[in-house]
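Have a look at these structures, which come just after this line.
What follows is a pair of complexes built around chain A, which joins chain B in one and chain C in the other.
Here is the complex of A and B:
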């Protein structure tokens, strides 16, 4: 085992993959808790898909995919939030923005396939490219993560209030729209970063899975966010290790996709949380005191 | 609007509405509402569905601007008086998995609108503890809110609304979905806490009977109009007949009051019956 870990860390693409993956896992884990609280999984998933359009455009323009993902994701997120104020409107708005962007994205992905030098491009965008990504992208990823986490730190109390009890929050002067818009920014960053790791199609898994498990295991939002980040870290690092190991596996000895392992691990965490609700809250409440 | 005792309009009132009218969707939802509430007063707001009860609360909260008239809270414009108003919204049903303890929910009423994290602190914790004590919720203070009963949640919301030391607290149908005994408990608790703290209570409900022992005045809303006075002044056949615009009888049985409308107003009969 120590031998495996040593050789894992010594492999050239693994250390940057672990670094970038960890940054992404923590950001997605923390943001994901609020996505679960606010019931915005659909928007989160849509942002991943929308990001493909940006990534394809960035690719065609010779830029790192990250900038395309984040740029278009942020615009898409703001459009979704701006178009739909209430939860139901927001789902409709999400659907509309999603289909529009996917249409453009399909065209761009098609252009990519026409370019002979771009054989791996569409696959990297859709399924992740953590081992092939340029290590120098770690710095912008770190900065984006920092931005998203600072934003959440700034929003923390009004965001909790607005997510839990919006009418009371509004009455207390919480600007629901402003909070929603700023949260969307953090969400777009988290989703698009994890698209880089797990691929656009599976970025939701990293966003929702650890958070949904953490929420069942904790009774405070801060604790849920910490646990969610930890579960995300676990899934990403074990996933990367397994993907590295899979280079020795059939069929082609070319390695299985990291996203497969990550999603499998995230799903396991979630199922465990469903099966073993470890939260001490399960203990029965003391008997209700008779009215005095 | 009939204010049946003009002498009750004082200058030191906590809430003043004058000539308030609201139009929504091209319809007058409220019109000509005048009212003035004293410190520490408990006012029950009764009226059929769609009478404008929630709309009235939104105006007092400054979430809705009236098309006509003025609204003053403690003599100030509502927007400047936000911190003086506590609010318990009409519906609150947290997800069973929500990772939020009872005490965290209450704390939101204290500083939930401030940016950033709470730095915790002894005083904040003590304040939350105190508010939990007001509503007898200390025993489930550390339970996640998603697992609490309707009555337990309602107490927490009352604590959340009162923790910021408001002058007036608005409760929108806090008794809905509670059994008769919990209704009695919540009403008694709101009445007691408000009385002790000198807070004016405006409580919206469909059934006035649980309020009869604590309510100082009743605000009866129908057809966008209001009648304000004591129960004996307002809940009378002639007053309500005029308010509703058709014949209404008021029946008193076993210390309970039933408002009985004509055949065309079935909802009236049910408003004040036990469901």
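Here is the complex of A and C:
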């Protein structure tokens, strides 16, 4: 076993994948707890797809994909938050923004396939792989992670209050709209950086899966955030190791996709949490009351 | 005259593949906006996005196994609908929808990798295509539409009640879980019909857009449903014309046109100070 870990770390592309994957897993895990608490899974998933459109636009414009992801992701997040002020409208507003952005994305990807030099582009953007990530983006990814986590730290108390009981929070003078908007900003940053390094598919899995498992195991929000980050970290590192190992598996020694393993591990964590809930967490989390 | 001919060139209506596209597109629009009416009422937009998206993995699996892609679509959309209905609870519907979608997409990425090359057949299912629709596909889609119409006619009242006032409906003997399963199976039916034409990424536009816009226009559930179907048909017709004229993917136009209708709906509500919309039943 030590031999396996040594050869794993010595392989090119594995160490940067582990480093960047860990950054993304921790950020998504922590932000995800609030997403689950606030019932914003759909927005969290939609932002990954929306960022893909930004990445395609950046690719066509010759800009780094990171700026496309984050720029368009933040705009999309603000549009979702702005169009869906009322709770009943949020679901549909998210859907319409997502639908329009996916449509524009389809158009941009079509243009990319028309350009002969860009045949790999759509596949790379849609199914981005952590193994092909450029190690030099570790620094901007780390900075964005820090920004998202600092934002959450700054928002922590009003955010918890506004998420658990918006009516009481409003009565106590918590500015719900401001808190919602700033949280959407942190969410967009977390989702877009993970969509960039791991693809839109994994960004949702790492955002929702570990957090949904963690809140079933502890009712304490700080502990849930730490546990969720840990579960995300576990899924990413074991997933990368398995994907590395799978180059020796049939068929054809091409390797199995890392996203498959990470999703499998995340789902296993969630199903375990559903099957074996902790005694303290049997009572459900304080139910989010709908704002009027 | 020049503009008229540029917008409506002769082949738009006479080319045999376009005739199939008109028939199939109209049937898909009616089916999608019919199901979409309940999607918007139930606040199930995420499920409407996730089911067609998950069905894409089935098509990738069918390519790998050498089977029929539409069969793969149907199996995976039905399985994901059942998964969402059985794992979900009232508190965390979004989470389970996301996780079922992830499970399907994880399998999809495995199928695509093991299948080797990125098959153009699969790529077309992601973005949709109107040139490849044969007469047999048209009949299959009409069959699915008929099935959905019969199911909706039989289930209309309980489905409406369980969408608008689930507690009242349950008290009146309409089981919540069973209605959820039936509703998601309807979404799966619409997805199976729409994905080959509009694509896995954008068939939910056709479900959500027209119904969301109609919620601002109709004055009763029946009216909103009728308006949704009308907007759905108009959306696909506009999109077919634009796609034929420009050669660009039809999914883009579907998304753009339905978003414009939604914007008009919100403008209408703003101008007339209508306080409903966004899925509320126009009472």
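Throughout what follows, the second predicted complex is superposed on the first by the 273 of 292 C-alpha atoms of A that agree within 3 Å, B and C clash if a C-alpha of one lies under 4 Å from a C-alpha of the other, contacts with A are read in each partner's own complex, and residues count from 1 in each chain.
Rule of thumb we're sticking to: a residue touches a chain if its C-beta (ideal position, glycine included) is under 8 Å from a C-beta of that chain, and two chains touch if they have at least 3 such contacts.
Everything numeric here is computed off the predicted structure, so don't read it as measured data.
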> Which term applies to chain B and chain C once both are placed on chain A by superposition, clash or fit?
Replying inline: fit
>> Going by the contact rule set out at the top, does A:98 touch chain B (first), chain C (second), both, or neither?
In response: second
> Looking at the overlay, what does A:37 touch: chain B (first), chain C (second), both, or neither?
Replying inline: first
>> Quick check on the superposed pair: does A:160 touch chain B, chain C, both, or neither? Answer first, second, both or neither.
In response: first
>> Quick one: is A:62 in contact with chain B, with chain C, with both, or with neither? Answer first, second, both or neither.
In response: neither
> Touching A:12, do we find chain B (first), chain C (second), both, or neither?
Replying inline: neither
>> Between chain C and chain B, which one touches more residues of chain A when both complexes sit on the common chain A?
In response: C
>> Looking at chain B versus chain C in the superposed three-chain picture, what is their shortest Cα distance in Å?
In response: 6
> Considering each complex separately, which residues of chain A are in contact with chain B in the first and with chain C in the second?
Replying inline: 285
>> Going by the contact rule set out above, which residues of chain B touch chain A in the complex?
In response: 61, 63, 82, 85, 87-90, 92, 94-95, 97-101, 104-105, 108-109, 111-118, 136, 139-140, 142-144, 147, 157, 160-161, 164, 181, 184-185
>> Quick check on the complex: what are the chain A residues that touch chain B?
In response: 33, 37, 153-158, 160-161, 164-165, 167-174, 214-216, 218-221, 223-224, 279, 281, 285-286, 289, 291
> Given the complex with chain A, which residues does chain C contribute to the contact?
Replying inline: 40, 43-46, 48-49, 91-92, 94-95, 97-99, 101-103, 105-107, 109-110, 112-114, 116, 118, 126-127, 199, 201-202, 204-205, 208-209, 212, 215, 248-249, 251-256, 258-259, 262, 277-280
>> For a test of understanding, state which residues of chain A touch chain C in their complex under the given definition.
In response: 36, 39-42, 44-46, 84, 86, 88-96, 98-100, 102-107, 109-110, 123, 126-127, 201, 204-205, 208-209, 212, 251-252, 254-257, 259-260, 262-264, 266-267, 270, 284-285, 287
